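Each of the next two complexes has chain A plus one other chain: chain B in the first, chain C in the second.
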Partner chain A sequence: MEASMSVTASIGPFSLATDSAKEAVLVANTPSFLLDRLRKDVAVQIVLDNMTGSQIVAALRDALARQPKSPSELVPAYVYLVALSSADPKDEALWTEISSLDLSGLEWGDTIRALISADAVPTTALEFSVCDQSSK
Partner chain B sequence: MPVLNASGRYENSSIELRTRANTTIDNIQVWEHSRMEWDQLGETLAQFRNAEKVSEACPVYNCHGLTFGSRRTQVTHSVLPILDDDGFDPIPEKEARAGDIVIYSNVRGEVIHSGFVVARQSVEILMGTRSVIPIIWSKWGKGYEMIHTVGECPYLEEEGNFAAYYRLQRWKPA
Partner chain C sequence: MRVQFALCAQTASVDRSSNRISIFNVIDHIPTTSLPILIPAVTFVAILENDRNEAVNFVGVFEGKINDKIIVRGEVPVAFVWSGRLARVLLTLNGIPIHEHGTLSFRLTIPGRVDAEAKLLVMNVAQEIPPVPRV
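Presenting the complex of A and B:
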């Protein structure tokens, strides 16, 4: 938890409210548009480069616990949530944490979580080899 | 009227809204945060330098709320059935004129924005190259109503996004 606090403090939620992230939250008409825009935003990249999945969940929970008092405070919360779309689909513990988040303070929180959960389908890798028949 | 709940937040609400064919249109009115507060997110829109802001920010209605709900509420579900119910049919871009509706979709075909065509105008596309293109009046999310060329907005920036045009051609539903 201490690690989470220090990372969050070093990034600072308001430094995540980049101009492009603020624009995305302002102009979005649908949750999927906001998800698509923020996925490519530098603010989400900053989060992914500096925080683990559990740290992101903790930071999001912290942001929501303070009840955003202005649209500017909504921006980091959406950035954290969208960053979770890169969570490892096989990390069941993390996805349990994500599922347990109370996102009622974010207008499109539940819808975006449903979208990223639907995308996070674990894939199975099959290993196979091809025999070179011509060498026989 | 907006109602404050026990935690001091405005509760969302909805109103009775129907298509011409009397189908209920899902909608939500968002009352949280003031115009001034939403304005704080709008500083970067200056990048759309030829787009003209023609209203203040307002979270109560969205783009579809302007196009299909007379600014009363956010229309939140698919708008394509509304167009069909109301008697609109698709038309080619070169025929689009004032009064037609433009629908923006992403590469997956999901509708992400809508607005009205208000004019056609000759604009410079590349250096020395001009083209007559639709001018759109639309509302950008919880932000502003804007007058802009069809391409000068946040909704065609992603690769694969596209705009389609619809005209009221049937006076009664199919």
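Presenting the complex of A and C:
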């Protein structure tokens, strides 16, 4: 599915500036509150379902390049930024890109990036079949 | 390097959007009334803390034992990234046969660095059930 880079960011038929995402951005009183709210928002889930990490970074960079005319135009940028919290902690190239983003256009951009970076703990998940081994 | 914690649970999962870990039904002992039994699945969870932020990979050795008898053994890659000091290991062990009472232990060793171990007592509760009073 293609991500639109217009002011009213959307992915296919889905607008990223959902009512709930707008409400979260407009009423949030701390960066961690905004991060927690947006992580659960359908807009972030849509981004995660349809875009790769590099595509999200590119979309965020594009959103940051435009001067917002109203606070609600910041919503897609925050949605993309929060969606990056699902980036694979072991993907060094992607995290280098994330670190290099100029988030000065977002009041809480740097703090949210610091929070998602701290949560990026790499996980090794493996399965062992014990029956097979004990029968050897 | 340090072990923040190591434990066994029925299942554990990592949230896709927050990368947070959830651990369900922590197992602290295994009550049995007769042997042998087969435990369908146990998840070993360990959180390791490196001394400093550095991207470094280790190869750990995982070993499961009932008393002194090894029941599972394998290599486990453990990765730390530059942005933090923590690494998580989630190992799902399927079909654990228990033939004797004693201690079921799981240990992840990063040679020369750290041992993360979880021990479970396999208890014989049949002996502990009081006799039914006769009327």
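Just so it is clear, the second predicted complex is superposed on the first by the 109 of 136 C-alpha atoms of A that agree within 3 Å, B and C clash if a C-alpha of one lies under 4 Å from a C-alpha of the other, contacts with A are read in each partner's own complex, and residues count from 1 in each chain.
We take it that a contact is a pair of C-beta atoms (placed from the backbone, for glycine too) under 8 Å apart; a residue touches a chain by one contact, two chains touch by 3 or more.
Computed from a predicted model, the values in this text were never measured in an experiment.
Look at A:32: by the touch rule set out above, it reaches chain B but stays clear of chain C. In the superposed pair of complexes, A:117 makes contact with chain C only, with no contact to chain B. By the touch criterion defined above, A:20 lies against chain B but remains apart from chain C after alignment on the C-alpha atoms of chain A. When the two structures are aligned on the shared chain, A:107 is found in touch with chain B, with no touch to chain C. Once the two complexes are overlaid on the shared chain, A:44 sits against chain C while remaining clear of chain B. The partner of chain A that touches more of its residues, comparing chain B with chain C, is C.
By the document's definition of touching, of the two partners only chain B reaches A:75; chain C does not. Once both structures are placed on chain A, no chain A residue is touched by chain B and, in the other complex, by chain C.
Put simply, chain A touches chain B in their complex at residues 19-20, 22-30, 32-33, 36-37, 67, 70-72, 75, 107.
Partner chain A is touched in their complex by these residues of chain B: 7, 9, 12, 30, 32-33, 37-38, 40-45, 57, 62-64, 106, 110-113, 140-143, 154-155, 158.
For chain C in complex with chain A, the residues that touch the partner chain are 14, 16-21, 38, 55, 62, 64, 71-74, 76-84, 86-97. For chain A in complex with chain C, the residues that touch the partner chain are 39-40, 44-45, 48, 82-83, 85-86, 89-90, 92, 95, 117-131, 133-134.
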